[in-house]
Amino acid sequence: MIKEDIRNFLPADVPEEMEKSFLENFEKTTNGSGRLMLFAGDQKVEHLNNDFYGPDIPGEDNDPEHLFRIAKAAKIGVFATQFGLISRYARDYKDVPYLVKLNSKTNLVPYDAKDPYSQQWFDVEDVVRFRDSSGLDIRGVGYTVYLGGEHEHSMLREAARIVHEAHLRGMLAVLWMYPKGPFVKNQHDPHLIAGAAGVAACLGADFAKVKVPYDQEGAFVPELLREATTAAGRTGVLCEGGSKMDEEAFLRELHEQIHIGGSRGNGTGRNIHQRPLEEAVKMADAIYAITCENKGVKEALEILNK
Amino acid sequence: MIKEDIRNFLPADVPEEMEKSFLENFEKTTNGSGRLMLFAGDQKVEHLNNDFYGPDIPGEDNDPEHLFRIAKAAKIGVFATQFGLISRYARDYKDVPYLVKLNSKTNLVPYDAKDPYSQQWFDVEDVVRFRDSSGLDIRGVGYTVYLGGEHEHSMLREAARIVHEAHLRGMLAVLWMYPKGPFVKNQHDPHLIAGAAGVAACLGADFAKVKVPYDQEGAFVPELLREATTAAGRTGVLCEGGSKMDEEAFLRELHEQIHIGGSRGNGTGRNIHQRPLEEAVKMADAIYAITCENKGVKEALEILNK
Amino acid sequence: MIKEDIRNFLPADVPEEMEKSFLENFEKTTNGSGRLMLFAGDQKVEHLNNDFYGPDIPGEDNDPEHLFRIAKAAKIGVFATQFGLISRYARDYKDVPYLVKLNSKTNLVPYDAKDPYSQQWFDVEDVVRFRDSSGLDIRGVGYTVYLGGEHEHSMLREAARIVHEAHLRGMLAVLWMYPKGPFVKNQHDPHLIAGAAGVAACLGADFAKVKVPYDQEGAFVPELLREATTAAGRTGVLCEGGSKMDEEAFLRELHEQIHIGGSRGNGTGRNIHQRPLEEAVKMADAIYAITCENKGVKEALEILNK
Amino acid sequence: MIKEDIRNFLPADVPEEMEKSFLENFEKTTNGSGRLMLFAGDQKVEHLNNDFYGPDIPGEDNDPEHLFRIAKAAKIGVFATQFGLISRYARDYKDVPYLVKLNSKTNLVPYDAKDPYSQQWFDVEDVVRFRDSSGLDIRGVGYTVYLGGEHEHSMLREAARIVHEAHLRGMLAVLWMYPKGPFVKNQHDPHLIAGAAGVAACLGADFAKVKVPYDQEGAFVPELLREATTAAGRTGVLCEGGSKMDEEAFLRELHEQIHIGGSRGNGTGRNIHQRPLEEAVKMADAIYAITCENKGVKEALEILNK
Amino acid sequence: MIKEDIRNFLPADVPEEMEKSFLENFEKTTNGSGRLMLFAGDQKVEHLNNDFYGPDIPGEDNDPEHLFRIAKAAKIGVFATQFGLISRYARDYKDVPYLVKLNSKTNLVPYDAKDPYSQQWFDVEDVVRFRDSSGLDIRGVGYTVYLGGEHEHSMLREAARIVHEAHLRGMLAVLWMYPKGPFVKNQHDPHLIAGAAGVAACLGADFAKVKVPYDQEGAFVPELLREATTAAGRTGVLCEGGSKMDEEAFLRELHEQIHIGGSRGNGTGRNIHQRPLEEAVKMADAIYAITCENKGVKEALEILNK
């Protein structure tokens, strides 16, 4: 039985025969909260091996199965990663809720050397067929949009179509919205982030992952998020987790993003997987508690320290 | 019962079985006047959040639902915005007459840094399917053409096909015609605007939105519009609303555009939505009165001051 | 009953079931002469409003309907213009013989600033469907090829396919053949024009519109055309009408092009439409008389002075 | 009845039901010799009118029908020219064995100014349909590959597909293999030519037309061909005929190419068509005698002097 | 009967009806070892004729049939080469296990002059049809990905789709993973190689061929491979064979790559084919013994010296 207010998240391009699928998908994935805890695991392409191997990273993180072990043991909304990586492990991780990231690029070419283009690898139909033939629990699709460069037009087109095609099939669509290129002076500018969030709304996304806004001293101030979360309208804003930081600070910030800034979730990778399995699972559970179970920071910390 | 002279607006590529749909659509949308009041709401991509948040803009304009509230409460021809934004709100705004803007780009890259390309996001068939599955009142499609740059050929091709495909399905097609790039010295040159309007006619558009022509001192002179409105032939010229200005001056100018310049409507965004809801609705109603109800400036001002 | 020698103009890629259509089409369009009088009306895109509005141009030429009025009242082979413009007027001009110009570009970017690309807007199939659903008398399709630039490969491919697809459907194909770009020193070089005409033959065109050749003093000499008209083989060479000139000189030159130079027609726009309706019709009739009715200059001048 | 050793030339991608067609096609075209005499007639695009009109060229060569007259009267393997040119004459030249050259470019842009791209105009399926609807004797398809430039990837892809699709339909595939661009210092380097011939083998071509190798003094030495003819494996190497030269020297060189260098034929254009019809036919017959009838130079000269 | 642990290599995008085909294919190709001995024969395009003709290369290597003779006589996992080359010889080499390399480029343009793009020539469906119509023993497909350049997005997309489409048809997919371009300072950097191997995992590849890692003195150290072989997860890492070297050193290194570095095979070309047939076959057999038969270096050397 779908809660009545979940229907507010139902886009008009979901056809009647798919409404139930979409709504059940949405309710289950957000735990009925309307908020999404996205466990981001697409960095093996985006950052090559930098996030998985190095002095402060536990050895087990270098094995891609680490991500699947976390995704299986922890409470998460979705585990977002590439189609191919899912295909290599998912027979042993059937119950993980997946979101297929449809594009990715490496970090070999710096953003200031060339405008980035991360092209779509698969169509939504490929994902649907994969889901149906494998029996996997694939909930949605994701796509990164780089605004401001010479490939913006290709990416806007791909994004708009992906969102719509996902809706046609009852799936969720999440967009990563990142202005880049020589005319973007400050990626953490609250007004720019609000612009990017508004574009995601015009693309029809269910959720949009954005950078966190900073004030002029470069500090995160949750109130600054409100321009973006308002401009995004019915598209939920997810804050990027970013590089690894202190657990308590992370959880406190997350709580403020939601309850002061108006965000509707988060996309976190390194702050989860750059820990040994058991710690990583607890961290994911704590993030989930705040995001989708309406818990406070104190309760989340208790999960962490169990 | 379609008025006889409305048939003059029926293009030959509307097939026989769609003639009635097209004509009813046209008559209803223009209130039988042959003129279009287009409420432009595509700026969340085109201008990011600049038009929706700032010192002189009411806070409610930052929420995209503001646009839908206006479109629902006011008299308008069509509300033009992106497919995705429509999909997020239209279940609660079923009676709004929509026009789906099929392309959009952000303003991050300046026009003088790179020739603009705003690629088509959706096909007319996607819009038709959306209309039919959702039951929304979608009347037409829109597309921006940037003339004069390295992507002109792609945009002319997309525009020509969109107009034709809209006609095949009985829908209206509106083109935004903007010469851009290093060889365009003055966007408000009456002769250049007439050229752009003529291109729209060769593309078969029902309406073409253009810049307003200025004289050599940079002042709007309605007589200067006549070159363009004649060159456009049976394609109706819509004048761009531009940035927010004094209400009375705006309405007076609109009246002159139509009755002296020969325009057949207008496309107005900021001059409507950058006001609190009630004022915005009155402004839209006043614009509609002049455009589609043959009212004078005085009557329009009465609506505004009700 | 098709005249026997008209069969010489039947290309081998017209399938058997379309031979009759093609031949009747060809015979009717050339008045059985094998020569084509093409009334060129694609300049509203190619030259923006320059050819239609200005000090020496009658006011009525600014209204696109002027072209249709001429095409209806005059004797012509075909009226060549864009699909969209035809769609806006053709319900009132059903009997005009049309040729749909499938590509066009504006003149905003100079040829020496960027190699031109005028992309195909519609497929031959779109034209066939339009013809059949509207009942219009569409005889063929046209396409401009710019040789010598970075887009030559795209344009050669589009041209070759358009010609073949037109033949598959029994329609005529006319190519505008224009070498352009930094390596083209003299567009009026007879040898270069012969090369362009030969390319049109290799593309299978029924007719090819080319520049007129000049001698080293820049004067037109009809004998210089023979290299091109021979090199074009069975593809008929049409000489470009160019900018408006004295009527008698124009008609004399046309007669020499055909009877000395071996051309098989002409493509004329400005020399017709930049006149008031009645004069324009007479000029078109005079051109037609020389081109398709085997009349001499004197007889043509009589038509003009009637 | 196909000779047994002809089966060695049967590629594995010819499907069983097409084996007989391919083998008969191959045997007939090579006169059972496994060697191909290709009459090259694609220069009207490749060289514009330079090869057909000028001080040392007979006037009749300017008429494209000259090529067809030669092809009809002479012994040849195939007459290679563009689809469109075939379409204009072939109704009167039904018995000529044709090879459709699927791409071509003009020589307006020098190779050192811009990397060449000669895009495919037609698909093999278009050729098959043309062959079947017209009843013409079309034996195969041809395509030029420019190695070493920015479009190499597009051309390799098109070439590979064309060869395979020709085989699927029982047709021969000939590739023109020309390294070009700033990194190609010497087009006549034997090692480079061997590389190009090896690429043709990897593309699956039946025959590959290459430049002739020169020694360090720029002289043709037939032994230098052996690296290429060996590297090409089962793909037959055709030497380019090049610009017109003394008949006896030409025929002697051709004989050495085959019997010392190991080539399997030649592609000759100017050395044939830049002569009056009767002489051209004799020259073609002499070339054919050496290539496909195992005649010596003396016998070939007798044909020439008949 | 498939061994149980072979099922670990079964990707989730192999549909149920293809599981048996895939697993049998995998088991047979790896001799049940999970390791692949890939005989690389794609250099005729990649290096033109450099690897096949020269002072230290036996004359027979210039004939492409040399590769097929080796592939037939030796123990190998797969012989990887281009579709077209297979088509020219495979009727006489029906029992060779083939892997079709789907893209290739020449070495004419240096990597530092232009970012490389090696475009896909054929679709997996073309390969399947070829396999089925010819009865050849085609086991899989291969594709080279150049990371770090302006065409990375096209290549990632093609690679992702090829891997998935191969799995849909029960075939193996091998990726060559090579970071290139101005931002790649050291191709033998272990961390970079691990990144590339991780990308292959995200693309879903069964095997990924990479450069061998060097330490800071430029020496191969097998322990350095472990970062990459771990990061690749269930995707098997194949080390590139590289240029020809001493047999014993080669075999020792191969053994260390597998047993210390964790690689799952190798891709070797020049170290095999740049030898007379008999020696080449022994070398291939020795490599196969270590890779797929769990033999030690001593046993492999015995094969070599038989």
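Read from first to last, the chains carry the letters A, B, C, D and E; within each, the first residue is number 1.
Note that a contact is a pair of C-beta atoms (placed from the backbone, for glycine too) under 8 Å apart; a residue touches a chain by one contact, two chains touch by 3 or more.
It should be emphasised that the depicted structure is a prediction, and the values quoted were computed from it without experimental measurement.
Counting hops only between chains that touch, chain C reaches chain D in a minimum of 1.
Touching chain C and chain E together: D. Chains compared, chain A against chain C: the Cα-based superposition rotates one onto the other by 145 degrees, nearest 5. Once the centre of each chain is set as its mean CA position, chain A and chain E turn out to be 35 Å apart. Between the Cα centres of chain B and chain D there is a gap of 57 Å. Residue positions of chain C in touch with at least two other chains are not found.
The touch graph of these protein chains is a ring, one cycle where each chain has exactly two neighbours. Residues 10-13, 15-16, 147-150, 152-154, 156-157, 160-161, 163-164, 167, 179, 181, 183-184, 191-192, 194-196, 198-199, 201-205, 227, 230-231, 233-235 of chain E are the ones touching chain A in the complex. Chain contact summary for the complex, chain C toward chain B: residues 42, 44-45, 48-50, 52-53, 62-65, 81-91, 104-106, 108-110, 113-114, 117-122, 126, 130, 133-134, 136.
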